[in-house]
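Quick heads-up: structures coming right below.
You will see two complexes here that share chain A, one where it goes with chain B and one where it goes with chain C.
Coming up: the complex of A and B.
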C-alpha cells in the first residue's frame, strides 16, 4: 500500500515549488464507497489527499478540461504547471495525450503511485447496497478490510479487484517526476480472457449479444466524459452539421455511437476501465476496447501510451501493413 | 433471395479508382449496376464513419477504391485508409456484423477491366450475404 504520509509530504513539497499551480489528487468522497478528485491550491488542501483501493477514477483528463478564460488587457497567461497524482494507467493516459500533442510534457508534474490494483466500484456497491456512510477500505495481505456498522469485513482481493486490474501489465507509472513508494511487482498475466468466449462464438451469436447490450444504451455519453482520451473540444457525436449520429435512442444509432467510440479509441485506449465504470447501464465497453487493443497489437505491433515520442497508430503507416483483405 | 439486388456504395478516389471506373465506362465494358459511386478526393478521405452511415442508411455493402500503394496522389492517403479500414473491419467482425460487407480495392486509372471485374465480384459476394439488416436505420414515422 502507498504510504499516505509520504503522499501528502511529496505533494506538499511539489506544491511549494514556484512553478506549480495546483495539484490534483484523490480525497474522500461524500458517501459510500466513493472517492472524488481534490484540487489542492494550499498546503492545507493537500492534507486531505488519500490513496486507497477505492481511488479508481482516472484523473488524467482534468488538466485538459481546465477552463481558460480570455485574458484581460495586460494580464499574462498563467503558465505554471499542474501536478497530478497518477497510477499506472493514468500515467499511460497522459503519455498518450502528450504523444498526440494534446498537452505538453512541461505542463504537468506527475506524482507517480505504484498501483496495487483498485476496487471494482460496481461489484462492491452490489454487495453492500444502501451503504451511505463513508467507508474506508484498507488492503492488508491480499484482503480488503473495512468496517460497516461496527462489523468488520474481510474480502479476498481477487473477488473485488476491477477487471482491468486483473490483466494490468503496467501497474507502475511509465512516466513520472516523483515516484511515491516502491514499485510493485508485475506478474505476467493471461490477457484478454473476457473476450475469448465471444471471439469463438458465431457472427450471429455475437450480434445477438451486442444487440442486447446496445439496446439498453441510453446514450448519456458518460463513457465519453469519463474517458481520459476522449478530450476533443467538440465530439463528433455532438455535431449537427454534419450529423454523424442521430439523436434518437434506438438500436441503429446506439450501435453507431458505440462503434464510433470504440473505433476512436483504437490504438489509443490504455485500459483504465473508466468508461465501463461510468456506464449506468453496465454495458461491457472494455470488451470492445480490449479486442481492438489486441488486434492492434497483433497487426501493427503497437501498444499505446508507452512512449511520448512514438507516432499515433492511425496517423502513421507502414508500407508493409497487412492487406490481405484488399482485392 | 434469387432476385435480390444489393445496394453497394462505392467510395472511389478521384485520381485512380474513379478514373478507372470512367475508363470502364468509356471502354463500354459491361458490369453490375449495383455500385453507386461517390467520388472522394482520396481513399484517405473516407472516414470509417462513412461506412457505418452507409450501412445504417440501407447499403448492403461498401466498396472503397484507392490508388495502388505508392501511387497515391497525396503521397500516403491510401496507406492511412488501409490501416483505418482494417481496424474497422476487425471491430465490425467482433460486433457480429459481417466484415465482408466492407470491401477495399486498389484500382489504377488504367485498369478499367479490373474495376469491372472487382465490381462484379463484390456484387456476387454481397448477393450471397443477403440484405443487411443489422444496423440498418428504421424510419418509423
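Coming up: the complex of A and C.
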C-alpha cells in the first residue's frame, strides 16, 4: 500500500505551490466502512489525507462540480489549479474529461497513486451489516486486516476486492504530475468474462433480466451523480422541453433512463464502477457499461481515457471507416 | 392551427397498395386537421391548385403532402405553399410511396402504415416553425482540380462563358491520361491532334490561370465562398525563361524511368513530360536530381543559356477564393501487380493496355516500331485479355470499366494496320460496344481487319522459350485453345486515382462502394456532389469514355457558372443551432461535423468564461450529425427539432 506519510508530504508540497488552489483527497468517513472526499486548503487539512483499500470513490467527479460564483466587476477568475489524488481509474476519468474538453490539463495537478485495488463497499457492508464505528482497513500480504469490537479480522483480498478491480488493466495512473510510490504490477485479465453469461443468453431472457433490474430502480440518479463522466450542466433526463424521460418511476421510464445513461457512456466509460457502487438498489450497471465498452473496443479499436490528445470516439468522423459491422 | 392533408394516389403507384380514401378520412380525425383530400397526381397542376385553393379558402397554416420521397417533390410543394404566402419550411412530406406502397404488397397493412405515418407527421407539423433562408455573396471565380481532358474542357467552357477559372494540375503538364494515348476510338483520330489544341488554348486563354505541379491542400468555406490553399511544388526551372532548347538534357547524368512512357523508356532528371506539354517548360525531378540540396551537380544550370534553372525554388502556398469547384481528378488503371494469375510480374511481356498504347505510339519508347519490352523483338502475335481484373467480385473489381472492350479493339486494329501479317487475338467475356459508332468499329476490326475474337477466359500463361503460351477455352465451341504470343496485353479496368481519393477527403465528398465520388443523383444530378457548389466530371465518378467525359465536363462547367454568375445565393435553412445554456463545451459536435461548420467559442456568464459550440450558418449543411452526437441535446437542427421528432415517435408508438 501507499505510504501515507509520503502522500501527506507530497500533498503539502503541492499545496505550497502558488498556482494550486486546493487539493482533493480522501479522509476517514463518518461511519463504518465509508471514506469521504477531503478538500485541503491548508497544510493542516492535508494532515487528514489517507489512502486505504476503502478509498473506492472516484475523485475526478469533484473539479467539475465546483460552482463558478458570479464575479464582481473587475474581479478576475481564480485560475489556480486543483490538485487531485488519483488512482488508475480516476486518472483515466480525468484523461477522458480532458479529451472531451471538459477541462484543460493545466487546470489540474494530479497526485498519482498506484492502486492495488479497492474494496467492494457493498460486499463488506453485507458481511458486517451493523458496523457503524469508523473502521480502518489495511492490506497486508493479500489479506485485508481490520479490527471490529476488539476482534481482529483477516479476509483474503480476492473475497472483498471490487469487481472492476479484479479485471483492471490500468491500476497505475495513466496521467499524473507526481507519482507516489512504486508502480504496481499489471496482470492481463479476461476483462469481459463477467458479461459472458449474459451475452450468451437469449434476447427474451436478457430482456426479462433487465426488466427485473430496472423495475427496482428508484431513479435517485445516484449513478449519475457518482459518475465522473456524467458532467453535463443540465442532464437530458432533467429537460422539460422536450421531456425525454417522464418523472414517474415505472418500468418504462426507468428503462428509458438506464438505457440512456448506458448509451451516453458508450466509448467514454473508464470502468471505475462508481455508478454501481453508488446504486442503492444494487442494479448491476457495470454489466451494461462493460458490454458497450467491449463493442466499442472491438468495432473501433478504441479504449477511452488513455490519451488526452486522442479524439473522443463519438466525436470523430472517419471517411475511411470500413463499417464492417453495419449489416 | 389549421392543417391541410393531401394524399396522392400517384396513379396506381400508391393507390394499389394503400387505400388513400381511408387514409384521408383518418387524417380528418387527427388534431388540427382542417381539410384532407385525395387526388390522382398531387404534383400535377390540378393537384397543386387544390392545395392553393384550400390555403386561401380554409385559411390553412400548415400543409402535409402524403406522396413520394421529399427528395422528389419537396421543392415543388414548397413552391406551391410559398406562392400562397405560407413559409416553405412549414411543409411536411409523408413518403407513402417509397416507404409504403413500393415496399409492401398487403393493402390492409399498407393502409395502416400510411395512416401511422400521416399521424406522426400531423403531430410534427403542429410543432413546425417558419424558417428563413439566408443569403450569402458569391466569388465570381471557379476552381477546376485536375487537368486531364475533363478538367481542360470544364476550364475552357467556364472561361468561354467569360468567368475567371483556375486550373490546378498535380503533374508537370496538363493533358492527363488522354495525352498518353496514341489514337482514340471509334474514329482512330490521333489523340494528340485533338487534345493539343485544347491544351494550347488553356495556356493562352486570359481567363484561365494554370497552376501545374500543384495540389489542393485545403478547402474551407461553402458554396459561393470556398477558401482554397494550393501547394505549388517547385519546378526548379523558370517557366517564362525556358526556351525548350533541350541543351540541359544531354548533360544531365541522372537516368530514371519515364512515367509518360509507362516506365518503358528512360528519361533524365531534367525533362519535359512530352513534347506538347503545357506549361511549355522543362522541369527538374527533385527526388533524383543531384543539384538540389546538396548541390553536387549543376551541369544543366551551367549549359542553360537563358539562365532558367533555379535550384533554390521553394514550395509556394497559393491562397485564393472561389465560388464553385469542379473536381476532375480522373482515374488510374487497375494495378497489373494484382494479376499474378496472368503472369504479371513473372512474364516480362505481359503488359497493360496503356503500355501497349505507348509501344505502338510513334512518340513512344520504340518510336512506333512495336518492339516488345523483354528483348526488343518485333511483335508479330499479340493476345488481348479482356476484363483482366474486372467483373470479378470474388478477387478483383466487381464492375465493368466500359472502355476496355473498345480500347483493346482499337489497339488490335492499330496493330493490324501496322503489322499486316501479324495476328491479334482477343479473349473476351462479352463485347460491350455501347456508344455511337462503337458496334460498327468492332465489326470493322473483326471482319475487315481480321482481328480474332474468342469468347472465353484465359486459364494460364506460361513462358515458353521466347514466346508466351496462352491456354484458354472457347466457350462458344467448348474447345480448349492453346496459342503462342509475343506479348499479352491485359485490358485492365479503371479505378479511382489517388488524386480522387485525396481530394474527396480534402473536400469531404462521399465516395461510393468502389471508391469513386458519389453523384448527388446517378441519373438526374450526375455532376453534382453531396456538397453544394462542388461538381465532378469525368472518371472521378466512375469509368467513362472520352465523349462522355467531355459532355460531363460541359455540364459541370454550366453548373459551376450557374453559381458564379449570381451575386448572391440562398443557403439551406434547416441548419443546426446551439442552446448555449445547455452546451457544456465538450466539442463532440465539432469532431462529428463533416463540414467543419462548428467551432468552440468563449462566452461570458457573470464574469466567468465558458466554452460553447457555435455553428457557422453558411457552412452547415443540416446533416444533423451534431444533433445526434450531443449528449444533452444542446444542439438541435431547425426543421428537425428534438420536440418534433419526439412527437413523431410518440405518435408512432401509440398505434
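We take it that the second predicted complex is superposed on the first by the 318 of 327 C-alpha atoms of A that agree within 3 Å, B and C clash if a C-alpha of one lies under 4 Å from a C-alpha of the other, contacts with A are read in each partner's own complex, and residues count from 1 in each chain.
Just so it is clear, contacts are C-beta pairs under 8 Å (C-beta built on N, C-alpha and C of every residue); 3 or more make two chains touch, one makes a residue touch a chain.
What you see is a predicted model; the values in this text were computed from it and never measured.
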{"item": "Clash or fit (per the criteria above) of chain B with chain C on chain A", "value": "clash"}
{"item": "Touched partner set for A:8, first chain B, second chain C, both or neither", "value": "neither"}
{"item": "Which superposed partner A:236 touches (first chain B, second chain C, both, neither)", "value": "both"}
{"item": "Which of chain B and chain C A:68 touches, first, second, both or neither", "value": "second"}
{"item": "Partner chain in contact with A:102 - chain B first, chain C second, else both or neither", "value": "second"}
{"item": "Chain B versus chain C as contact partner of A:321, first or second or both or neither", "value": "first"}
{"item": "Which of chain B and chain C A:226 touches, first, second, both or neither", "value": "neither"}
{"item": "Chain A residues touched by each partner, larger count belonging to chain B or chain C", "value": "B"}
{"item": "Partner chain in contact with A:111 - chain B first, chain C second, else both or neither", "value": "neither"}
{"item": "Chain B versus chain C as contact partner of A:60, first or second or both or neither", "value": "neither"}
{"item": "Touched partner set for A:300, first chain B, second chain C, both or neither", "value": "first"}
{"item": "Touching both chain B and chain C, residues of chain A", "value": "236, 244, 314-315, 317, 319"}
{"item": "Residues of chain A that touch chain B when the two form their complex", "value": "195, 198-199, 203-211, 236, 244, 246, 250-253, 255-256, 259-260, 262-263, 266-267, 288, 291-292, 295-296, 299-300, 313-315, 317-319, 321-323, 325-327"}
{"item": "Touching residues (chain side chain B, partner chain A) in the complex", "value": "48-49, 52-53, 56, 69-70, 76, 79-80, 82-99, 103-106, 118, 121-122, 134-138"}
{"item": "Touch list for chain A against partner chain C, complex", "value": "68-73, 75, 77, 100-102, 231-236, 239, 241-242, 244, 264, 311-312, 314-317, 319"}
{"item": "Residues of chain C defined as touching chain A within the complex", "value": "504-505, 508, 510-511, 581-582, 584-594, 600, 606-609, 611, 625, 629, 631-633, 642-643, 646-647"}
